[in-house]
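Before we start, here is the structure in question, set down as structure tokens.
Going in written order, the chains are labelled A, B, C and D, and every chain counts its residues from 1.
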Amino acid sequence: MKGISTIHRMGGGLLLLVILLTPFIMLWLGKPFWLDIFTRLVILAIAASSLSLLLSVAGLASFGHAAYIGLGAYAVGIPVYYETYGGAPWLASYSGWWHLLLGVSVCALFALVTGAISLRTKGVHFIMITMAFSQMILYLLVALEEFGGDDGLSVDLRSDFSLPDLSLPGAESFGLPSVNLPSLNLPPVNLPPVNLPTVSLPPVSLPPVSLEEPWVFYLLCFALLLLVLFIVSKLKHSHFGRVLQAARQNEQRVRALGINPYRYRLLAFVVAGVFAGLSGFLFANYAYFVSPSMVEWTRSGELMFMVILGGVSSLLGPVVGASVFVLLEHFLSRLTVFWHLPFGLLLLMVVLFGRGGIIGMLKRDSQQ
Amino acid sequence: MSVLKTDKLTKCFGGVVATDAVSLSLQDKRVHGLIGPNGAGKTTLIAQLAGQLKPDAGKILLNSRNITRLSEPARVRAGLTRTFQISSLFNDFSVQENVAFAVQANAGHSFRFWSNVSRNDDINDRAHELLELLGLSNKAGANASALSHGEQRQLEIAMALATKPSVLMLDEPMAGMGAEESLRLIQLLQELKHDTTLLLVEHDMDAVFALADDLSVLVNGALIASGNATDVRQNPDVIAAYLGTPA
Amino acid sequence: MKTTFLISAAIASCAAMPILATAADLKIGFVTTLTTGGAVIGNDMRDAVNLAVEQLDSTMGGKSFEIIFEDDGFKPEIGKQATEKLVKEDNVDIVTGYIWSNVLMASYKSVTRANKIIISANAGPSAIAGKLCHENFFSTSWQNDQTPMAMGELLNARGVESLYMMAPNYAAGKDMVSGVERTFKGEFVGKDLTKWGADAQLDFSAELAKAKASGADGLAVFYPGKAGGAFIKQYQQAGLSDILPLYTIFTVDSLSLPKLQEAKMDGILGSEMSMFWGPDLDNPSNQQFVEAFKEKYDRYPSHYAAQSYDAINLIASAANALDGDFSDTEKLRDALMKAEFDSVRGDFEFGNNHMPIQNFYARKVVADDNGDWTTSITKTVFESHQDVYAADCKL
Amino acid sequence: MDWVLVLTQALNGLQLGILLFLLSAGLTLTFGIMDLINLAHASFFMLGAFFCASATLYFDSFLIGIVCAVLGTALLAFVVEKSVISHLYVRDHLDQLLATFGLILIADTGVHLIWGPAGLAIPLPEPLQGQVRVGELVVPAYRLLIIGVGLFIAASLYWLVNKTRAGMLIRAGASNRQMLSTLGINVQLLFTSVFILGAVLAGLGGLLIAPITEASIGMGNDIIITAFVVIIIGGIGSIKGAFVAALLIGFIDTFGRAFLDSIFALFMSVDAAETAAPAVSAILVYLLMALVLVWRPQGLFPPKLR
């Protein structure tokens, strides 16, 4: 037993290491596009991991997870839009701290309200009601003419993470009250806001490094993925996570043991929403663009697909799923514009023959 | 002293009266047997006591407190726990984890997010004790779904005990057990009644007569007799309606 | 473990997969929709581009060139990804194409950031013509508001006094409505913005009933793609062709007309639309283009095709001026700015926001000599018209 | 508001509702009886339209087109059921969602490869092109045909489900799946037949709407989500529920689009009303579903004894 789990841990570490290093190797080989692919991969892995807290741990098949990506992304897009073109001074800012705070609170609130209603239902009703709420967000965003409606909104600059007291001479202050936010594992970042790409090679000393620099941004995404995985893993094995897992298997019994799973599930719903919002925050920064199409139900479906493809039993399942999804999409679409055909066949095959997802197949393999 | 009491508890499904004004009283630290033919409404009654079904009329009192409107989990926390006729386990958990979770459920709220629950010594020790008590220690690492039928019944009881009930309702605990397993369970229940009140629904009459201090007989949703086991067994109505031949 | 390792190795080797190097000197990326129903437009554009490549013999400015097509899947995110790939991996000099405003808006920064040129061959959202205009952005189509403004003018000329208007509820749809509002002098008696996007509304019965009840003397609509065909059919089935004259914007074109003819929707014959171009527009370059296109593909080209054909020829004109050297973006920009090529729309010039300043015409649906339905230009509505957002552009 | 307009809109709502019902009936049956979430139902909707369009153009007859489409859809449904779907009955809902989503991708790309991206128009015979006049009320003849055919099918389904032995099995299956096997029924055969029935109904829906819109790639994907909303509101497994909910949504959606802006304009500026109305009317059906689920988590007409 122990031997196998150690092996898996090593395998997981290796996988993360490969994901971390590949784009840099490709960069070194003169193929900068891979940094883009892997950034997208890591951001989707964050979203899928957040969904796996609901889907794999708590057994709650939320079909509206894309809504949080959209909310997190617009929490970047709208303040940047106002800061660039004027208006709503209370909202306008380039500050990443402000974007995060805004995105996290909006997502938490939305998850709290919709979760409180959705969690009254079960099974397929839950799937459909979460999708319904997501569709409402979609049409709300489409109706926001000020922010481009269906066309979406360009994000002119990436979120700025300079701390007000660290700013260099000449840097503007960003209108954010000095909220004492816990520092994530971010490289301290500083850049005067209107100066576009500047830094060429990684300087070893810390400031000033900008998120506009693709590799810095990639490292940020990767660090956040590790953070999310770490937290999800912690939660999964905590008292809290044990309740979620038990309720997934046998809700009746959980109640008969004196626990009403509702509030635990609601909290999980909120946490997952916040993490998905985090991936939305990264998405807006990655794409320099937000649009309602981020909230379409097919995106929620893709996230589900990633989680299940990777395997619901493992922490790294969603990471594997997101990697396979993104890379397959990339290579198949390069072979033919009709790549949805082999992709659909593959989906069928995975479901029909590959129970437990890719990780499940690996486990069976190593247990034999 | 009466620990659990029902007052004219009534439940109908459509036109069928499943529970007909049942007034039952369980005495402290005694085993109360509940018997009756199939379809008499025993499981429906337990479900109402446990809070899974809402009665149409009547009251349920636990230690003189009216719990009729309490939710199922709240009743468990108040000390009223049940087991299931068909084993209801966490099939992806190991045997140890099943019991550990039941212990956790009874150890205050579970809004604890950071420490690894499988390394919590208090929980593990208590779970170990319970497994020992039910003779499942050697199966602790096995998956719950891999247990034999009898072992699953034992696990079911271990989990119920983990909630430290003041009243434990056992819905056909011996069903499907071998003779040896039944015997051990009877011994265990004998010991249990030193600190717990038991409501025992069972078809195995030998087990009921061996264990029950008091006895109630349910026929067509109504109690036709209730009281001291010896008295009830002599009750001519009971003999006529249910036991058939004098025991 | 073994398989975990294999997966990691697979990822690593996937990443290292050699990218097929191409021999061409110049590379041009073309982003359009090649899957989903939107591929009707994308295929028409691709056909026109391939025709241009054939006519140029794959050479411009003395250098060989190739076009790399990418599919946007009708989604901004995929379009952006495709653009990134063209810029970073294929290292193209110019990216063109772009049917949809939202795909263009999502993508253009990826090009301008790399200091390369982007030429829209269709989408013309107001933002990019106005305050978000960029020196590296060009268009061989139009700004969204221009065609509906021409429509408003056409409606005035046709004596329409009360108008009912319908458009999908998205940014371009709203641009179209506001465009007509800018020039139309009569009264709006009703307006409907219908659901668009993944589950777009294709049944317009409720709206048509309202339009009929409104007593308007004209119905103006904007329904691009498959919604257009659906709308026309329902318009005719509702029996409105005799009582409520139809005016269309980007709804009836050579992509939808063959299907309408097949479905015998003759109520559309004679209806008018506004457009910057038409297959019978009288200039040598256009006659040559339409004939060659019909020869090669056995159908009329659409305006999408015309715009794409122009985009490639615009690039070729710059290549000729620079002897095929695109390394200096500033020089390339200046060469493009001159627009010295035989456009199928006749002579035009770029405004300060790099949008064409061009004529707009009224076109009418007619049957040609072979009985095939097409459009024919009836009058010039605007001469050398510049879009209104150019004033917001600080170039 | 004049009554002609209201009546016209009511007919439009009815027609939309009927269409939704055709799509949802099969969905709710497969869901209720086989516990199968079948996204690929959308593909049968699309394929019904394409089969009909091809056959109509080839034989120059709408009627032959319909017959060919029904047969083609049934045959394809049989093949798909045997090769893929029958393996999914025992799986959980997520596996079913994924696998049938895979089927949608395959079907959409397949249609693109076979018929091209442009879609196909279905020409209608002359009499159906016209309008029917009743006083001031003018209704397209073809829409009346849709309503008539839809009501006929609904009535036939009602008869099938309530008056025949097969219907008894279907109802039994929807309320209690275990019962079927204890009754000694050939479950496999029942499942296959119900699946084919559902697919044919979806195909009929597709071919009926295609002359109004057209047969196009992904046409079913647009409407399948609404169909799911219908069966959730109606109660999974209930034909009656699907019928009521489909009409309800048809009316709400149509009236929302038709009158919401005028209603909003009563208490806000015309501009604000024109912006808000489309967004709200798009959200209406989802709002309705959320409200119904909060009020009755099992839908309006849940089959008994679930």
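Keep this in mind: a residue touches a chain if its C-beta (ideal position, glycine included) is under 8 Å from a C-beta of that chain, and two chains touch if they have at least 3 such contacts.
Note that the structure is a prediction, hence the values are computed from the model and not measured.
Visitor: With chain centres set to the mean of the C-alpha atoms, which chain is at the far end from chain A?
Guide: The most remote chain is B.
Visitor: Give, as an integer number of Å, the spacing between the C-alpha centres of chain C and chain B.
Guide: It comes to 73 Å between the two C-alpha centres.
Visitor: With centres defined as the mean C-alpha position, give me the chain C-chain D separation in Å.
Guide: 34
Visitor: Measuring from the mean C-alpha position of chain B to the mean C-alpha position of chain D, what distance in angstrom results?
Guide: Averaging C-alpha atoms per chain gives centres 49 Å apart.
Visitor: Counting only residues that touch at least two other chains, what does the list for chain B look like?
Guide: Residue numbers touching two or more other chains: none in chain B.
Visitor: Which chain A residues sit where two or more other chains touch them?
Guide: 142-143, 145, 297, 338, 340
Visitor: Out of chain D, which residues touch more than one other chain, so two or more?
Guide: Those would be 108-109, 112, 225, 278-279, 282.
Visitor: Could you run through all the chain pairs that touch each other?
Guide: Touch list across chains, by label: A-B, A-C, A-D, C-D.
Visitor: Could you pull out which chain A residues touch chain B in their complex?
Guide: Touch residues, chain A against chain B: 234-235, 237-243, 245-246, 249-250, 252-260, 264, 267.
Visitor: Would you mind writing out the residues of chain C in touch with chain A in their complex?
Guide: Going through chain C, the ones touching chain A are 1-5, 7-8, 11-12, 14-17, 19, 34-35, 71, 75-77, 80-81, 84-85, 88-89, 101-102, 105-106, 109-110, 113, 125, 127, 131-132, 169-172, 174, 196-198.
Visitor: In the complex formed with chain D, which residues of chain A make contact?
Guide: 55, 61, 117, 120-125, 127-129, 131-133, 135-136, 139-140, 142-143, 145, 297, 301, 304-305, 308, 338, 340-341, 343-348, 350-352
Visitor: For the complex, which residues does chain D have touching chain C?
Guide: Checking each residue of chain D against chain C gives 2, 4-5, 8-9, 12-13, 15-16, 57, 108-109, 112, 117-124, 129-131, 138, 140-143, 209, 211-214, 216-219, 221-223, 225-226, 254-255, 257-258, 261, 274, 278-279, 281-282.
Visitor: Over in the complex, which chain A residues touch chain C? Could you list them?
Guide: Chain A residues touching chain C: 7-8, 10-12, 14-15, 18-19, 22-23, 25-26, 29, 31-34, 36, 40, 85, 138, 142-143, 145, 148-152, 154, 196-197, 287-289, 291-294, 296-298, 320, 323, 327, 331, 333, 337-338, 340, 358, 361-362, 365-366.
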